Amino acid sequence: MTPLTGYLLVAALLFSIGLGGALTRRNAILVLIGIELMLNAANLNLIAFWRYGPHPEALTGMMFAIFSIAVAAAEAAVGLGLVIQIHRHAHTTDLDQMNRMRG
Amino acid sequence: MGHPAFSVSHREQVAPMSFVFYVLAAVTLAGALAAVLLKNTVHCALALTVAFAGLALLYLELDAQFAGFAQILVYIGAVAILIVFAILLTKGSETPKDGVYSKNWLAGLAIAAGVFAVLGWAVLESARVLPGSGGTPTAAPAVTVLQIGNALMGRYVLPLEIVALLLTAALIGAVIVAMHEKEETR
Amino acid sequence: MTEALDQVFVLLSRWLVSFLPAGWRPAAGVALSVAAIVCLFPALFALTVLLERKGLGRMQNRIGPNRVGPLGILQPIADGIKSLTKEDIVPTSADGVVHFLAPVVLATAVFMGFAVLPMGRNMTLAKMDAGLLFYFAIGASTELSVFMAGWSSRNKYSLLGAMRAVAQMISYEVPLLMSSVAVVMIAGSLSLDRIVEAQNHYTWGLPHWYIFTPWGFAGFVLFAIAATAETNRSPFDLPEGESELVAGYFTEYSGFKFALFFLGEYLAMFSISGLGATLFLGGWSAPFSFLGWVPSWIWFFGKLLVSMCVFIWMRGTLPRLRQDQLMNFAWKFVLPLTMLNLMVAALWHFLGDGWARWAVCSAILAVSYVGMAWVGMRRMHFGARSYRYAE
Amino acid sequence: MLMQSDLLTLSSLNVPMPPQAWIVRWLWLIPVLPIIASGIISLLKQPQRKLSAGLAIGSLSFSFLLSFSAFAHRMGERALLLDFGFNPMARDVVNITWFQVGATSVDLGWVLDPLTAVMLVMVSFVGLLIFIYSVGYMEHDENFTRFFCFMSLFAGAMLGVAIANSLLLLFMCWELVGLTSYLLIGFWYQRPSAAAAAKKAFLTTRVGDVLFLLGMVWLFAQTGTLLFYKGGAGAIEPAALTALLAQHAGLGLSAAGAIGLLIFAGAAGKSGQFPLHVWLPDAMEGPTPVSALIHAATMVAAGVYLIARVYPLMAAGAHAGGSTAALTVVTWVGAFTAVFAALIAVAQNDIKRILAYSTISQLGYMMAGLGMGGVAVGMFHLITHAFFKALLFLGAGSVIHGCHEEQDVRRMGGLRTDMPLTFVTYAIGMLALCGFPLLFSGFWSKDGILEAAEHWSVAKTPFYMLVFGALLTAFYMTRQVAYVFFGARRGSEPAHESPRVMTAPLAILAFFAMALGLIGMPAWPWFRAFLEGRAMGFDWHGFAEPGLLALMGTSTLVVFLGLGLGWWLYGDKSPAPQEPDALERLAPMPWGWLRDRLYVDELYGVTAIAFYGWWARVADWLDRRVWGGAVAGVAGAFHGWARFNRFLDTNWVDGGFDKGCEELASGGGLLSRVQNGRVQTYLRILAAAVVGLVAILIWSSRP
């Protein structure tokens, strides 16, 4: 198994774990955690491809990863803000109960 | 103390699938699993930070020093803290009575497993054509922060600006979203 | 001779390592230097604690510890023994694992911070290309340990203290970073060694330390403020404000863990002082060219100790802030000023050599600061201080 | 023919002059300055009146200076070229690529040629005067700053239209102009009438603009560029034109003609030509300076200017002295509008409405002039009209201001003594509009058009129509002036002269309303020469052209006839507001038609608007009945099915059937779970889909 394959497999597993978390947990924050994990899995892929790709000097994958880290920060901020707001509003973070727009 | 020859940036090339990799991967995946499985939400968050740290180290293992440190700075320094704050603010730390897993967690699990199956299959399918499959380990690209900076200010300046804009927007947006309720009650 | 004296530690480690087979040498060198750090700084910590206690005592018209050994020199040892032998109490409702991990994480993170500090010529554990980034990344992770401590103790005081601490650290990390970014911009590198090298020149015997430039001076002041807040030192020591929350996030800690926390906090202070010295005070470079023969590490540790004394002095002098004041100060005062500083630094860079940049930058800074002070004074009209005596 | 001259710019000559003078490079500042000003003003607070007015006026005066220097530059180059014996129709063009899609690049650019120069000077100068005037007029309005914000935005947009060298840029500014006119007409949006008028103006002009856009797209599709001039590769340069002419668009039109007509539709919308003129009278709901600036001097002129700009396109393929389909249409529409609007103007009582209709008819004159006589004729009337019509509107504004917001001419009267300065200037403007011989600019410009009409090869009718129009013009203006300034005072409270800041612009405009004519005399056709790039000189033989003097005689006669008629009917007798109009007594029925604006609005009301209403109702009905019914039907079917199940259940209490029903129920539940508003469900489905797709992908890509 070449290094790249290994990293890709790890990333895939990480992604699936994140997805599983996002799919199975009730708590919205936990779902966000799952999403963060998925994002990170994607970043790992990017970096691995950058490292073992034909043109590491082009920095593309690295840049992509850095940008996506920055974007993920924004995503987390807004997402958590929303969760807090919803909690204030509906007094729950349980996604199974957050299924109506009225409130 | 340590002589200049030693530094993280030009580490001697590791053999394919080095021992370090296995350890780091194990740590990361364990952290991730814990993050999604544990009952106590705060424990989940802390486990998440473990996973993040493992990822950062994986980045270092991949000679992506800058990305690794950025990962630590952003994820452990900011996102994790944000998450625990959110947990405390939403009283998420005490576990709800009707279980922590949603009603149809089984389906979710199945689908996650399916996704992994497909992805893994894809990876293994394409293992032959993937770069570096020749078995010869590619040399570590010596990329300095200077180059990254130049790239950021040169080729990637537009994305940089856009990300800056996005972050500002997110900052304001988050503040507004979080403030709103207060405004109403006043 | 001087060269040898300067490089004594490096040579020592080389010599020691040379007994090992070649394959192991790099790792062994690292291990050696790590060991050195791990031994050195706690010792320094013990000394400084004594210094602080005695110094504070003097400031408050006390004598301070003077029982153990001559002039109480052995006090730290006594303290150490005490804290080690004390019973380690863990509250029943506490979250055992996290409660245990918190101080460990803190200590580890803080120790890692030292890895990138150039403590002398060629005396950097990890000559990283992104050293500063590494430092801040590690520094960011201390917040987590604080939170862990506060949360795991299942104690309102601890939790409040932790929240305060984390909020404060996050808020002040931004100006801290910003003020160092100015240096990075001028030095053109994130590697602390490069930054020191950049400052290690002399004109007319005077060094090119960044503190001796307009933006550098302003930056240093801001950096010092942010650093004080970052390390929860007085006047920013709300998280462990004894009067409000017994001891903040380590209320529930005792014995060795408490000692670890204490150590961690102190070492954080050391490392951030070291960083400040590296960024603004020319790291291990000598203050005057004719003092170049003095070993570099002496200068580094000298600067370290001086800044520690300043910390102690501030603690003895300044009153504690209120939480809202703290936050406002961070976001509405320090941060904008660091921004301004960044711009001025950019200006400095683009104006190029010559007296012009001195004039312009100092003018801008002076005008802005004076103007702000004036406005501030106008806003809150200070009267004469009034004393109230007990009848 | 005109303007299709060779494209040598000075850069291609060995002339001791920089390849592009600074003014050409900085031409874009002219529109941008006012726009920036409006941007700043928009940030100001209500009370900061002085600052906002100062900003607007200052920026516009800067633009005026720049425009004037552009004009001077044009003149200088022209002289130079004449000396060097070159064709002086040189123009300086600056093009920039806005963005590029594959091979085709979308360019913007500006051009400085005589047309632009003249337009720039006119717009910025008149605009400046109107700005100054409105400082006085809007004094008491609490939205002063907003007003100036809009005004200078408008000015900027208009100047942008003037300098545009790209149909696209022109269209942008054009739309911006439309928007600002909408904002300004509805400036007093508290009044429902104003809001309605604004909407009407916006929508009506949209009708034209859609066609304009079509034409633009077509042009782009054909020529691959929207630049007018691009060193021979421009859209209205010979190369492109011949290509366009070769194309046939059906109805015996060439592509050039068809595009020209589409663009003319846009122009008609903006300058209120016949089918689309309805918005202009209503637009008088806006503040009077707005009416002056937008609906007299500049915006409505934009249409005419547009036609002048794309004249080569319109005139493509016309053999000498002949005309093209597009130009013929322009001419007929123009001539018809001229008479039509003049007729309506006769029977209006609102001082500003009269002027509005006269504007429409004058615009008709311009269009006709363009169609028959070419750019110079039309533009000359545009310029002179801009001055005297702005003068008239500002005068009207002054009158309204003086009579405490009274707009009905029958309630005025006798103001000649109360506001002398306004009266004199207004009279000058009126005479200029009527085309009072020799002294006034209107005479010369209108004569130019009439002359062109007389020599027009296609038909003579437009000539007679226009002459009749001139008669009507003289008549209704006399009527108005008699009503407003002569006779006894009929208003309740006494009128007062307006402040200096308002009268000063009047005086200046009055001066130009007289003087401008001189540059277009047959004896000294300076303007024409400037636009068409001929040598300009003064000789009395200009008058000696065959038929010219006769023509001047006729038009003079017509004008005097109109004046006399008007005076005979209305002069110095002051009818009470309620008693019927003099003309009404003569011919009540046609008067009624005219008073009701020949029922065009009503016509539209019962056709277009009604149609849309009907269509909306149909759509509504479809929604309610058909789709709703379908949904209800499906629901009913399911309901029935469920009942059936229950029937089975209750009657055949049988495990198998029970099971079947449960299956059905669960199936329904399964379906319903797809849309249960639970994010995780969506995510799950998404992930499942990903699995499926990726699986397919890999499977299909296996070797």
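To keep things simple, chains are lettered A, B, C and D as they appear, and every chain counts its residues starting from 1.
To be clear about the criterion, contacts are C-beta pairs under 8 Å (C-beta built on N, C-alpha and C of every residue); 3 or more make two chains touch, one makes a residue touch a chain.
What you see is a predicted model; the values in this text were computed from it and never measured.
Novice: Suppose chain centres are the mean of their C-alpha atoms. Which chain sits farthest from chain D?
Specialist: C
Novice: Count the touching C-beta pairs: is A-B or B-D ahead?
Specialist: Per the contact counts, A-B leads.
Novice: With chain centres taken as the means of their Cα atoms, state the distance from chain A to chain B in Å.
Specialist: 7
Novice: Need the CA-centroid distance for the pair chain B / chain D, whole Å please.
Specialist: 59
Novice: So the centre of each chain is just the mean of its C-alpha atoms; given that, what is the distance between chain B and chain C in Å?
Specialist: Roughly 28 Å separates the two chain centres.
Novice: How big is the gap, in whole Å, between where the Cα atoms of chain A centre and where those of chain C centre?
Specialist: The mean C-alpha positions of chain A and chain C differ by 34 Å.
Novice: Would you please write down the residue numbers of chain C that are in contact with two or more other chains?
Specialist: none
Novice: Could you pull out the residues of chain D that touch at least 2 other chains?
Specialist: Answer for chain D, listing residues that touch two or more other chains: 680, 684, 687.
Novice: Any chance you could list the residues of chain A touching two or more other chains?
Specialist: Only 19, 22-23, 95-96 qualify.
Novice: Going by the touch rule stated at the top, which chains touch which?
Specialist: Taking the chains two at a time, the touching pairs are A-B, A-D, B-C, B-D.
Novice: Any idea which chain B residues touch chain C in the complex?
Specialist: 1-9, 40, 42-43, 46, 49, 53, 56, 65-66, 69-70, 72-73, 76-78, 80-81, 84-85, 88, 93, 144-146
Novice: For the complex, give me every residue of chain D touching chain A.
Specialist: 676-680, 683-684, 687
Novice: Please output the residues of chain A touching chain B within their complex, sorted ascending.
Specialist: 1-10, 12-27, 29-30, 32-34, 36-37, 40, 43-44, 47-54, 56-57, 59, 62-63, 65-67, 69-78, 80-85, 87-89, 93-96
Novice: Okay, in this complex, where on chain B does chain D touch?
Specialist: 102, 107-108, 111-112, 114-115, 117-119, 121-122, 125
Novice: Touching chain A in the complex: which residues of chain B?
Specialist: 16-17, 21, 25, 28-29, 32-33, 35-37, 41, 44-45, 48, 51-52, 55, 58-59, 62-64, 66-67, 70-71, 74-75, 78-79, 82-83, 85-87, 89-92, 96, 99-103, 105, 107-109, 111-113, 115-116, 119-120, 123-124, 127, 130-133, 135, 137-138, 140-141, 143, 147-148, 151-152, 156, 159-160, 163, 166-167, 169-171, 173-175, 177-178, 180-181
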